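Pasting the structures here.
Here chain A shows up in two complexes: once beside chain B, once beside chain C.
After this line comes the complex of A and B, so read on.
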């Protein structure tokens, strides 16, 4: 190991830099997708709220874009210092990918600034508006290409071609994890973008003094949450596809993830996903209170939450309480005391988990259907929502950000003691698999810092100059 | 005027308090995960049964799973014979299944009807598959702590026994059973194959 990082160590440093870069990147890649859709909806429906949603979100994206680049550079610095051998290997093996990455980042940045700064000038005519939407579409295409290029590098580290010495560039790019990762991250970015928009709306709702603004941010929070939850429901399938590819690539990866060192992470994942769904459903029920005549649906809430909680309990029950396959019970404790009793063993099986998650998703649909029914028969009083709902809109992104960080840690830790699985060993003092406790704190740090950064972005973009408007 | 000033001061104080709280929380968490070898950690050493031995996982993945399990000799009516095969007189063959091995993993018995007595001594569900001359059968999947029985009729020859669940077989959960009426250590060329 050529260098180490003072005080906190190289792994902690690169973990934080990479994770924060990814959080911000997920937002600046995901949000523009529905910014453009929202702008188009505004043009089509003449509802000015869509235009305002698109523009205000784009302002947040424009500020967050610089932070993304800064953390990207910090990530690269740590990579070039303590992790120089693997950086060298990656640059050498995938040099054209890095070169094109630079080109597309440049094009994306130009397009992003063009999209943001031409908003007003191109808003004056219909042709101008369509041109602006066209720039937005191009921005998304370029952003997606950037994501595909970096996913190739990430996938290569997880699942490099077996005959790595003789593999060509395309074989290395088109590795086993590449497309599953592309799908997973594309959907994840939309989820993330939706939730951050909801977070922004909650922040603005709570700091707004005008009724009109509150009504708008109430609506915006609802839309952001809807997009986030809508994309979130597809994520388990995308995650399954990624895991399946890892399994096919090397079966021992699956055991390492699901039954060995990382199995506890998946129990934690279950808990977090359940919290997300509980939060999303709770928000919808609070939303229903602002619809005239919707009180008649309230009795159904208890039954729905009972199923959600029961599903959640089933999901988080582990098969056993061993942290890994090699762990032994403490002296004097029988091994069977740490294994689920026979009569409850079915709760630890995948089939029970699958049923639980299906029940949770169905109940979430039922909540949304009841909401739609209430909306069809009563008027929505935007802005009249219980302020508690806005704290739920802060809670949901907090859980989503944490979940994303933890899942990222799992993907990274499946490489075991390799930088590039099976090809480049991690010979640093930090080669070992982090415990769940360690990873949990690392992800918590990244989540808190991300929220501080986002609060800074909102404050700079919308609070400082507010009195002048 | 004074009320406005007080409100601003209160807002500033709350902002500063939140920031300081976040900073203190971050500092505490960073101290918990600091990994530099020169930095003393207050996290304390977790008990070995909790963490497992550092490096043990990798070593296991690289070396141990493919190695056949040593015969335990605990088999009733069984005795270690030439090589590392366990000789079982017939009737019932007891096999313990754990992650990821079968004990014993190399068995020699006489042709005829035998009953496999399969004990799951591991932490995950397992199954048992036996395949060879005239036999290709699988037991029912069974949970930790349970014992199941599987009756098969063996002909002369070599059989593969394995756990067909997930990738358990690939991880080393398999073995060999030879059905022969010859004395131990004298296998025909066909049986060796």
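After this line comes the complex of A and C, so read on.
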């Protein structure tokens, strides 16, 4: 190992730098997708709230963009120091990918600033507005290409071609995990972007004094949550596709993830996803209460919550409480106490878990159907929502950010003691699989730092700006 | 909700705490009943019924019951007050965010059991028998082949997966699995070509392996794909030697 990182060690340094870069990147890639859609909806429906949502979110994106680049550079610094051998390998093996990455990141940056700074000038005519929307679409195309390029590198580290020495560039790029990862991250970025917008709206709702602003941010929080939940519903399927590809690539990866050292991580993942769905449905319950005459739906909602909670328990209950396949029960504890009783063993099987997640997804659909029904018969009092709902919109992003961090850890740890699975061994002192406890703390640190960074962005972009006005 | 008392239609006032209690009593009483069932009811049922859960499961269900009750309490709580100052707003946001993240750490760090020993060390301990058997055990425990992902060997204390049969008596059982075939050859065949003869389930009472009429109608895959390609001849021989020596009774430790 050429260098270690002082005080915190190389793995902690690269973990935090990479994770914070990815959090910010997910937001600046995911948010512009619905920013452009929102701008287009504003033009089409003449509802000025869409335009304001698009513009305010874009302002957050523009500030967050710099932070994304800064953490990208910090990530590269750590790669160049303690992880120089694997960085060299990746550069050599995928050199054209890195070159194109540089080109597209430059083009994306130019397009992003063009999109942001031409908002007002191009808003003066219809042709100008369409041109602006066109720039926004281009920004998304470029952002997606950047994501595809980096996913090729990430996928290569997880599932390199078996005949790696003789593999051509396209074989290395088009590795087993590439497309599943593209799909998973594309949907994940939209979910993430939606929930961060909801966090921003909650932040602004709670700090707003004017009723008009509260009405707008109430609406914005609703839209952000809707986008987040809409994409979230598809995530379990995308996750299954990714896992299936990993299983086909090497059955050992799947068992390592689902039955061995990472099994606890997936129990925690189940808990986090259940909390996300509970939070999203709870928010809809509170949203419904600001619709005139919607109280009649309350009994249905309670039944929905009962199913959600029951589904959540089935999804999260572990097949056993052994942290890995070779662990022994602690002294004085019988092995049977740590395993589901035989009569209930089915609760630990994938069939039960899949049924539970299906029930949760269907119930979330039903919640939205009830909301639509309530909206069709009653007036929405925007701004009149229970402030508790805004704390739910803070809870949901906290869980979503944490979940993304945990899933990132799982993806990375799936490589076991390899940098590039099966090809380049991790010979640093940090080669081993981190325990769930260690990872949960690392992810928590990244989640809290990310929150501080976005709070800083909101403050710089909106609170200071307001004072000047 | 901020009024300390509420006036009923008949003129009698209802204290705020009583109103609040009315809203939360359903979830609270349900939680008490749930906890009584978990800690009092379930452990008192006959063991033969197969519903005895270990302590970690009882804790898990208790947390689920308490969490669900808290969730319903929140549902019934009613509107809360808007924070009065900017500081209170910011503090409340930070509190909710950090409490959520803290809850995750509590689950991952304190509640869920942790592994400690890197597998490379664990895999090499306790090997007994001849050189081939020792090497065979290493093959069995080697993550590259991942035999233990599906198979347990209870007699050796190797608690692997449950998908495949417990191999505690694999060597002894192999002697009678296929008439005319030695135990070693049967083990080799069952590793490389599990479709050649189907191993009966322990509950069936059968000792001999069964011919598979139509593989498409049974499990789609018995052994991990590519085992033949990934395992060397030497490793296969060692694994067979290791399995051949397993002669304990199932469930015996």
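Note that in this section the second predicted complex is superposed on the first by the 468 of 469 C-alpha atoms of A that agree within 3 Å, B and C clash if a C-alpha of one lies under 4 Å from a C-alpha of the other, contacts with A are read in each partner's own complex, and residues count from 1 in each chain.
To be clear about the criterion, contacts are C-beta pairs under 8 Å (C-beta built on N, C-alpha and C of every residue); 3 or more make two chains touch, one makes a residue touch a chain.
None of the values given here were measured: they were computed from a predicted structure.
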Combined model on chain A where chain B meets chain C, clash or fit: clash
Scan A:4 for contacts with chain B and chain C and give back first, second, both or neither. first
Taking the superposition as given, does A:388 touch the first partner, chain B, the second, chain C, both, or neither? second
May I ask you to decide whether A:117 touches chain B, chain C, both, or neither, giving the answer as first, second, both or neither? neither
Larger residue footprint on chain A, choosing between chain B and chain C, goes to C
Between chain B (first) and chain C (second), which, if any, makes contact with A:255: first, second, both or neither? both
Thinking of the overlay built on chain A, is A:12 touched by chain B (first), by chain C (second), by both, or by neither? first
Tell me the contact category for A:313 with respect to chain B and chain C: first, second, both or neither. second
After lining up the shared chain so the two structures overlap, which partner does A:442 touch, if you call chain B first and chain C second: first, second, both or neither? first
Have a look at where A:77 lands relative to chain B and chain C in the superposition and call it first, second, both or neither. neither
Tell me which partner A:278 touches in the superposition: chain B (first), chain C (second), both or neither. second
Quick check on my understanding: which residues of chain A belong to both its chain B contact set and its chain C contact set? 251-252, 255-256, 259-261, 322-328, 335-336, 339, 342, 345, 416, 432-433, 435, 441, 444, 448
Mind listing the chain A positions that touch chain B in their complex? 4-12, 247, 251-252, 254-256, 259-261, 319-320, 322-330, 335-336, 339, 342, 345, 349, 416-417, 429-430, 432-433, 435, 438, 441-442, 444-445, 448-449, 452
Complex contacts: residues of chain C adjacent to chain A: 49-57, 60-61, 64, 68, 71-72, 74-75, 77-83, 86, 89, 92-93, 96-98, 100-102, 104-105, 107-110, 112-119, 122-123, 141, 143-146, 148-150, 157-162, 224-225
In their shared complex, chain C is touched by residues of chain A numbered 202-203, 206-207, 251-252, 255-256, 259-261, 264, 267-268, 271-272, 278, 282, 285, 302, 305, 309, 312-313, 316-318, 321-328, 333-345, 386-388, 391, 394-395, 398-399, 402, 416, 432-433, 435-437, 439-441, 443-444, 447-448, 451
Footprint of chain A on chain B - complex, ascending: 22, 25-26, 29-30, 32-37, 39, 46-58, 60-61, 99, 123-125, 143-146, 166-167, 170-171
